[in-house]
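Read from first to last, the chains carry the letters A, B, C and D; within each, the first residue is number 1.
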Amino acid sequence: MIIIMHPQATEDEINAVTDEVARIGFRPFMNPGVERKVIAVLGELDVRKADLVEHFQSMPGVARVELISDLWKLASRTYHPENTVVKVRDLEIGGKQVVVAAGPCSVESEAQTIEIAHQVKAAGARMLRGGAFKPRTSPYSFQGLGEEGLRILARAREETGLPVVTEVMDTHDVDLVCKYADVLQIGTRNMQNYPLLKKVGSTGYPVLLKRGLGSRLRDLLMSAEYIISEGNHQVILCERGIISFEDSTRHTTDINAIPVLKHWTHLPVMVDPSHSTGNWQYVGPVAKAAVAAGADGLLVEVHNDPQRALSDGPQSLKPDKFAHLMEELKRIANAVDREI
Amino acid sequence: MIIIMHPQATEDEINAVTDEVARIGFRPFMNPGVERKVIAVLGELDVRKADLVEHFQSMPGVARVELISDLWKLASRTYHPENTVVKVRDLEIGGKQVVVAAGPCSVESEAQTIEIAHQVKAAGARMLRGGAFKPRTSPYSFQGLGEEGLRILARAREETGLPVVTEVMDTHDVDLVCKYADVLQIGTRNMQNYPLLKKVGSTGYPVLLKRGLGSRLRDLLMSAEYIISEGNHQVILCERGIISFEDSTRHTTDINAIPVLKHWTHLPVMVDPSHSTGNWQYVGPVAKAAVAAGADGLLVEVHNDPQRALSDGPQSLKPDKFAHLMEELKRIANAVDREI
Amino acid sequence: MIIIMHPQATEDEINAVTDEVARIGFRPFMNPGVERKVIAVLGELDVRKADLVEHFQSMPGVARVELISDLWKLASRTYHPENTVVKVRDLEIGGKQVVVAAGPCSVESEAQTIEIAHQVKAAGARMLRGGAFKPRTSPYSFQGLGEEGLRILARAREETGLPVVTEVMDTHDVDLVCKYADVLQIGTRNMQNYPLLKKVGSTGYPVLLKRGLGSRLRDLLMSAEYIISEGNHQVILCERGIISFEDSTRHTTDINAIPVLKHWTHLPVMVDPSHSTGNWQYVGPVAKAAVAAGADGLLVEVHNDPQRALSDGPQSLKPDKFAHLMEELKRIANAVDREI
Amino acid sequence: MIIIMHPQATEDEINAVTDEVARIGFRPFMNPGVERKVIAVLGELDVRKADLVEHFQSMPGVARVELISDLWKLASRTYHPENTVVKVRDLEIGGKQVVVAAGPCSVESEAQTIEIAHQVKAAGARMLRGGAFKPRTSPYSFQGLGEEGLRILARAREETGLPVVTEVMDTHDVDLVCKYADVLQIGTRNMQNYPLLKKVGSTGYPVLLKRGLGSRLRDLLMSAEYIISEGNHQVILCERGIISFEDSTRHTTDINAIPVLKHWTHLPVMVDPSHSTGNWQYVGPVAKAAVAAGADGLLVEVHNDPQRALSDGPQSLKPDKFAHLMEELKRIANAVDREI
């Protein structure tokens, strides 16, 4: 940690800071002679540094406090250089294979879900996605089938062998969802729902953690840290679009996030081009971009009748379009020495 | 609802849309002769329109679907022109008085909390704010005292008579927090935690709903709608800063939100300048701006020793600075025909 | 154009709007029976509609005015379905080949520029990029060599045969830059410098128009429209990153922009991953993503000694890394049926 | 400047950095013993530091480079603690008086301009604003009357005594605008048009510099530095709204900008609530907020017939509403010990 004083900081203010550094058990170290006084804080800093930054930030005469190491430890590649591979039944996420999870936004009926599951499997998808508990902006929108939806997903898994990823929205439902799902999805609106993160961390189930719409990558990693610090290392990160001023697409796919996350963390990274564009016409190009940039997997919405879908119809691909996209994605995966 | 077709939409596509409008019980109505075909959807549309937008959006040949009425009903000023006044014990929020809630970010000890409560009351605050359950970005940061913190807040209320507003983060804790608090706060990270919104909606307690960092005002009103649609009309909205590219302050206070919300909804609006700036030096000017723009109240962090605060020290005012600010705010309140 | 009235709009207000529609030569057309009155404006609307939107927007009782056609005509794919191919000497931009323009951020010396030009050509670049007039945030930063820099670029073209793209910042310099350059670049800070757009539009030279950091795609197309409406159809659009709250990269590459622009306009689209990431480590993955998503070309900064570069060193690739990237890009290009 | 090395940086990389620090004439200074190596750069750093940051940023093993002093010198309050007061004829901007400049968006005719000028003067405005050269997003929108508009503004000044502020968009027009205007306005789209900044810097005329829609406050100050470094200290900064994801208003008024700029710089700060909201209904509350937060002045659009205005009608106040607002603003100004 480095403490940078204001140009007008007094001797007394500087002394108060160095005294405080010593009081809490560190050694202050001051640079000689530069325009502004800069105090380095020496010693074995643990992960409670975030508090110390605020602590010193509020002292008189302090202009700025800079951390010189990451705030996440368990998620950091610095301390864990090799890639984490998350195992979901026979699947490996974060290995050579680019894993595509596909399916309807919401589970609507058993017939529909099983039909779509067969279709996406035939096209090469390795996991089934579908929502039983649906977070909807409006209280008047379809809220999902709940446990009935979970049962349908489990039936579709039996039929197709595809493992299931589905969202859990409340600590109260975690045990229930664990009964049916293979991967617990934390949705964008709950990325910083800390009781929920701790709870899924305690299950040991693989977790797909979606980035918040307005969350920086460092905040995403801090949320991953909540899960891992409960003892659950099976975390998959998911870029699903961020908010911006651009209004031609629902959200802005942050393609930069892929190399940045790969640089910062050992966790696998997936991308959801359906939500990040909000428009099926743009799903294909963005899915291809994600694989080219190094994503370990994709979440793609597929619906056999998007016009009658109970949620997110406009961003869903029809099965034939999805099959065509999978062919294109295989070529991109090969071009980056991976496979689908 | 208005459905705008692509310039190249075929007759078949147009017919499919008008058939579908009729099928679901509305009357389609088409304008003659303009460049692009536009289909008006006539009939008594209920609040499930959000789904219909997506429904038609995904039909072939449709360029855009525009709603022509609000998606929120219970929160809308259109259907409820007079201001809602939320009652908290003897206080009225949304009336002539501008209500200032002040106190520490986190409850740290009984002595500290009671001392600060007396100080802010003496300066003119009408409500005590303080966190017992703390959502912290890092799992290694101080997470709050939990129920012990709630007990301390209740003790401070006994001592000072100030009603208490405090955050609840999980459905599991709602009943517990109701035992001690006067107003339930939904924090920025939980604005779209729908199970939690429904749960606090079912309590009948006044709710202070903070805007999500990356949430549009229309989304804030949809979240308020979740609470009200459970039968709880006691909702106070709170602007607390949004994310943007500007990095000189922690967040960007959206001062425009005050007149926009006053235009759109009958609910009272408060502003939290401590979180929206992240820097005590900027709290005063922004607090004054909020009152001048028509805010019904403020949340201000006050700490008697910000340098040793366990959270958010840099944005906390010392009691003497807070007392000085209250004097300034009274002058602003008078200048807009209100009082503090 | 559709005019949507407030729910509380009076008969008089509605009549005033329909009268005004008629007065300016259009036919008003009102839908029967919906909750809100909606007035369609019929007739041959020309491209001055932007003014009409504002005109009606300010009338009493009007809630919203919606255009139902694009504001750009000459740049729109609606009226010009086939792709525009921009010719730069023997090169075609917007055809089957993905064109990579590479070179130093700033022209620093003749020896350096010619050396880099040979290196990027050997690696497969088809165009040389380099700045002679440099827009720099600080007045104390290196501002470019000016005409001397242009002369050096022309020399490098003689030596290598690579056409030259370079920025022009002021109407006053356009004629000068035309003497030396093959493509005139309009930088991100000048995307809405309308006198400059008109001036380059009048030259007939190919123009590379970079998106403004805070500009929506519709604004980018309106700026292209300025150039085309002066008679110059040789416009190449360039996504180079937008501002957002994310701070791990200098800007956020809007990968969605590629399919959106391809949908909306016939103009070719290039991507600048060097500026959009600001970090050479992320240039490769984002460059690959851009080609996979359908970009017609790339702008890549290459410097033989990035540590001593006079500008933008951190985002420049060394020639050997660039050559390696070009090999990777060729594989991606093949995977989308293109070539480099 | 402080150079922070990667945790895995090698001895050789560290030595290369310290050698380079010495080579360019500074003294490297390294902290002993912390987790990451941190190298302080000692010596008299001049304002070309922005280049040095990039220089070191690109060296192998370097994680981050932090400046420890401002990049602006002439605009900084550190080196010029007292407020700058800009003189415009008899007016003082930055003194006790809050200066309101009002008038139409565009100059449309002599009769209209003079009538509005009389009206705003009667209501208490001290300066006339109006556009003769208009930057418009669409090439098909009204582009302003040009020199004829300037002549009309000068006539209105003769009639009313109000000094005139008007925009200049191109270096080519600066001399012409100087013949008629009292204050040269640099619009939001030209905040980083450096040739234009240098040119207005060379005139010695007061300059009203509007913040770019996507520009951070530090970039605004760097642009001010361009003007001041040409010898012109008469610079007024203007917050006029920034882009964000919020779409209920045209832009987001960054009210935080007022105290931040007052902290960082000695230059006066004005606010334009007409452009920052885009809606006349919100202009009043935001104008009051700006004065309460410490703004030195306001720019307000007033039009006697907003429905027929040739630009920006929706955000213009009618003269009677403006007069009413001025009465309200006087009360706010008094409440912060200023006057209008």
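The rule is short, and it goes like this: contacts are C-beta pairs under 8 Å (C-beta built on N, C-alpha and C of every residue); 3 or more make two chains touch, one makes a residue touch a chain.
Here the structure is a predicted model, which is why all the values come from computation and not from measurement.
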item: Interface composition of copies subunit A and subunit D: same or different, split at half; value: same
item: Which listed pair, A-B, A-D or B-D, duplicates the contacts of A-C in over half of its pairs; value: B-D
item: Which of B-C and C-D has more C-beta contact pairs; value: C-D
item: Length of the line joining the C-alpha centres of subunit C and subunit D, rounded to whole Å; value: 26
item: For subunit B paired with subunit C, centre-to-centre distance based on mean C-alpha positions, whole Å; value: 38
item: Multi-chain contact residues (two or more partners), subunit A; value: 214, 242-245, 247
item: Subunit C partner contacts - residues on subunit A that touch it in the complex; value: 214, 216-218, 242, 244-249, 252-260, 262-264, 276-277, 281-282, 284-286, 288-294, 328, 331-332, 334-336
item: Of all residues in subunit B, those that touch subunit A in their complex; value: 20, 46-48, 50-51, 54-55, 57-59, 71, 135-143, 169-173, 189-190, 192-196, 198, 212-215, 219, 222, 225-226, 229, 242-243, 280, 306-314, 316
item: Footprint of subunit A on subunit D - complex, ascending; value: 2, 4, 7-8, 29, 31-36, 38, 40-42, 45, 66, 68-69, 78, 214, 243-245, 247
